[in-house]
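Take a look at this one; I'll ask things after.
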Amino acid sequence: MIVEQLRITGQEEIAPRIYRMTLKGDSVQTMTEPGQFVHVKVSDGIDPLLRRPISICDVSQDKQELTIIYRAEGRGTRLLAAKKTDDTLDVLGPLGQGFPLDSLQKGSTALLVGGGVGIPPLYYLAKKLVKRGVNVRTILGFRQSEDIFLEKEFRELGDIVVTTEDGSKGVHGFVTDAMNQADKSYDSFFTCGPVPMLRAVKAAAASDGFISLEERMGCGVGACLACVCEASDASSQEGKKYRKICSDGPVFRAGEVVI
Amino acid sequence: MIVEQLRITGQEEIAPRIYRMTLKGDSVQTMTEPGQFVHVKVSDGIDPLLRRPISICDVSQDKQELTIIYRAEGRGTRLLAAKKTDDTLDVLGPLGQGFPLDSLQKGSTALLVGGGVGIPPLYYLAKKLVKRGVNVRTILGFRQSEDIFLEKEFRELGDIVVTTEDGSKGVHGFVTDAMNQADKSYDSFFTCGPVPMLRAVKAAAASDGFISLEERMGCGVGACLACVCEASDASSQEGKKYRKICSDGPVFRAGEVVI
Amino acid sequence: MINMNRELPGLSMKNPVMPASGCFGFGQEYARFYDLNKLGAITVKAVTAEERAGNPVPRVAETESGMLNAIGLQNPGLEHVLQHELPWLEQYDIPVIVNVAGNTMEDYIYVSETVSRVKNVSALELNISCPNVKVGGIQFGSDPAIAAELTKKVKAVSQVPVYVKLSPNVTDIVEMAKAVEEAGADGLSMINTLLGMKIDINTGKPVIANRTGGLSGPAIKPVAVRMIYQVSQAVDIPIIGMGGIHTADDILEFLMAGASAVAIGTANFVNPFACPELISSLETRMAELGIDDVESIVGRSWKTCSSVSLSSR
Amino acid sequence: MINMNRELPGLSMKNPVMPASGCFGFGQEYARFYDLNKLGAITVKAVTAEERAGNPVPRVAETESGMLNAIGLQNPGLEHVLQHELPWLEQYDIPVIVNVAGNTMEDYIYVSETVSRVKNVSALELNISCPNVKVGGIQFGSDPAIAAELTKKVKAVSQVPVYVKLSPNVTDIVEMAKAVEEAGADGLSMINTLLGMKIDINTGKPVIANRTGGLSGPAIKPVAVRMIYQVSQAVDIPIIGMGGIHTADDILEFLMAGASAVAIGTANFVNPFACPELISSLETRMAELGIDDVESIVGRSWKTCSSVSLSSR
């Protein structure tokens, strides 16, 4: 686990306020697990002070390149969006526990459900699953048609349904509307997005699965206990009553934590 | 008095850690008085928080260009040194009261004595004096030969003596050593530099003169009372017992303030 | 139409923004930058009975997201203020708040009584919290009984409403606030600066000649917000909130914490146009957030939701 | 050769730098980044008698040059710490300071007595200053008599030196320090966090679920330096200084203010290598400034110059 000054090799606004950034450096070779994240320092000084957690969206080992996709929201991510090619970025990672791949055999089917900036980590996951010979079906939820990103990329990897809350494209409604309409024969689901969505996806799901959580973080490495969530009754009997999202997660078995 | 985003048209290290920066913008046309300063915001955010006072070193009304020369010392000036051509700089000014020119008639002689980063404001003064037909003699003090800057530029305007503390160039010693050795027939002196130097220059001077002071500043415009100095007995009888360096100064008649 | 008006005791303000005492002189310097009539009100530098020379320099030091100051209440004294500074402000149609300081109760009472009779003075702000004077001041600000006694005595002589400016350098700010409320204060100003220090490691000595100074700026904002949040729930008098405000969102945060109006200090030094720019960007941000009346969000952070109309984003 | 060694009660340190309690867990996380033997000492997270779940999330919020936290003393409880955390630290040859918290005097006494018997525990740090627990804690930290009583009782049972960690949220920090010194404290840790709050203007609610939180980071550094400067002149026991240290120059500032050693909290979050990098840059800076012994600059800001050898720049 290291901190490295990665070099920015590309930065592009792919949807309103949604940016795709590519970064190059040695530490990329350790970023092999989909669902992990990097903890990014967006400025040289102490303003803003804390790092920002951003999911690993894609990794190219050939090019030693990491891709992240993020929304320019508050001060930190807006500063990130202002960076230019060839600037460097202080990146700590990869951090956390990603999506387990070995739960799925070749030929089985995975349902990936993502909402908004919860979508990026699912892309690296989809690629890894396809490589294992797993069929990937994807449902991506957006507010409206302009917000859509990564649709083409996911389509190359399998079936994909897009939902928009205003009905301006794809299925009108939420990702769960698409889940209910679609084929329920999948072996596992993987989801990332806002907590209400995660809850709904878990409830609508026809199988076991994995969810990726978000929480405000301090250290990002498990030392400060800023980012805990409650372990579900069943799993807390196995040990601790809580989980640290940064180091025990961000990915959990759907039944492992209370959401 | 305005705040303007000036465009940086040049930045160059002219001696170790001494930078010359040129800036362009509308407000330059108001910068007509030598000895005034600008109050510079070195970053976009709030870190560092306060502006930095830097003297006006030269102004070209043709080019609408302001020149400042500064030493990259603490955090703020180091950030300033990291700026590049075409970046913009938030500049408040011109501020303060500069050197009075009308005290000297055509044909009279002025002695300019500067030390370190006290030298820059004297350059614009020298140019203005020469334009009035005043003879300018300059003594510039540095630590050592590498630190020397603006020597050539001053030479073009009149006699110049350089002193170095280690004797590596010019007169060995302080500016006052050069003052004592040199011709004492001048009509007024003008000095800027560290306070011990100002004191020594005032004591060694053979005429009346003007000194430019430095102090840590808050507002830079006379509102916070951070930068006061004591008025001398004689001048405090005329009114207030103190002077604000940012707005009553930075230039004072040598007898006006206690140094 | 967004309603920016504020009605506080003695203060009819067209917007909730005023400069903070000590950061705006008596207005003349910033009047060269913009028309002071744009302000909700103006708070002038602390006035003492006699002229004060203040502390030796250096008087300011920069810290991370903040600054220290130890001006030491330098001011030209009551007489001069009455004859020159306050009359000059008559040309403006905004409420004037005079910050009053002193070493003894008698000082405060004398200055308060005199100043409160000046026709363009709308309110007094009792500075019982300046950390930079050696005598007086500091004790008034940390002992609730003394603060209450002072408030009562000043109230007895003042012709205009009295705001008491609280020091954050206390264990229990709510106790202080309640004490002065009970003693008759019409409002509170909070917070004054946190007592701090910076040492120059090259000399090994404090940067500020007075050694300690008052910390202001964004660094102290979370402390100010917390104290306003606590105090506004415990008292029924309005609060003028201050401490680190640099953006329109900061103003909204202070209002939601429970301030009825805000004051801008250090930000004026960073940007001489801070006050008018904040006033206009506050209006923009309120429009964006669907807030149509400043009053509707005062105390929003602790009031039950039903009483507030705030459209979600 | 620069002498970085420090000898404090119970603590033989090879340099003056340790992580601050609560910002370093029990060491395991940062041990994946570097060898903990590089540290002067280690201070572990607060330990309470029983397991604590802590506060609801969100528990942190960012502020200008600082952060708020309200972890709520979450910890696995004494038993678990005795069986798992402290034994794991045995592999390192550095002093271990255990931060002790509780709701009642009995809690503190019980945990202190038990922990102080563990062979690799070098000292206790009594956390009487955590602003984030609802019961206990906070009162201990703001009442000198209670703090003294607690100190005395813990001293009576502890097998190792006892440091008392002071809260900055008090009117008179010197009074608190003297009270615990008189009660037998072997040293002081200061400062804990300043009580603060941040409100999310989109929701109108505090960002932190616990509403208020403790402010740490560079924003509070001037307050820490001031308090250490004041207290170090008033007591004869050593101070472990903390509050916003992010650079080697900050460490020098704390030492010159009067701290005998320093602790690094929030900076670990910004840079996981903060502690070892600070230790090495401290040595570099001392060389540059001609300081050859840490001891020689402790209290430099208030000691008479003659007793100190500091070459000017």
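Lettered A, B, C and D in written order, each chain numbered from 1.
To be clear about the criterion, contacts are C-beta pairs under 8 Å (C-beta built on N, C-alpha and C of every residue); 3 or more make two chains touch, one makes a residue touch a chain.
By chain, with names taken from UniProt: C, D = Dihydroorotate dehydrogenase.
Because the structure is a prediction, the values reported are computed rather than measured.
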> Quick one: which chains contact subunit B and subunit D (Dihydroorotate dehydrogenase) both?
Replying inline: A, C
> Looking at CA centres, what chain is most distant from subunit C (Dihydroorotate dehydrogenase)?
Replying inline: A
>> Nearest whole angstrom, what separates the Cα centre of subunit C (Dihydroorotate dehydrogenase) from the Cα centre of subunit D (Dihydroorotate dehydrogenase)?
In response: 33
> Could you state the distance in Å from the CA-based centre of subunit A to that of subunit B?
Replying inline: 56
> How many angstrom lie between the CA centroids of subunit B and subunit C (Dihydroorotate dehydrogenase), rounded to a whole number?
Replying inline: 36
>> Going by the contact rule already set, what residues in subunit D (Dihydroorotate dehydrogenase) reach two or more other chains?
In response: 63-66, 217-218
> What parts of subunit B, by residue number, touch at least two of the other chains?
Replying inline: 46-47
> Where on subunit D (Dihydroorotate dehydrogenase) is subunit A touching in the complex?
Replying inline: 22-25, 29-30, 32-33, 45, 51, 53-54, 57-67, 69, 71, 74, 76, 207, 217-218, 246, 266, 268-273
>> Taking the touch rule as given, give the residues of subunit B at its contact with subunit C (Dihydroorotate dehydrogenase) in the complex, in rising order.
In response: 1-3, 41, 46-51, 92, 215-229, 240-242, 247
> What part of subunit B is in contact with subunit A in the complex they form?
Replying inline: 45-47
> Which part of subunit C (Dihydroorotate dehydrogenase) faces subunit D (Dihydroorotate dehydrogenase) closely enough to touch in the complex?
Replying inline: 63-66, 68, 142, 169-172, 194-199, 201-206, 211-213, 215, 217-223, 225-226, 229, 244, 249, 252-253, 256-257, 289, 297, 300-301, 308, 310, 312-313
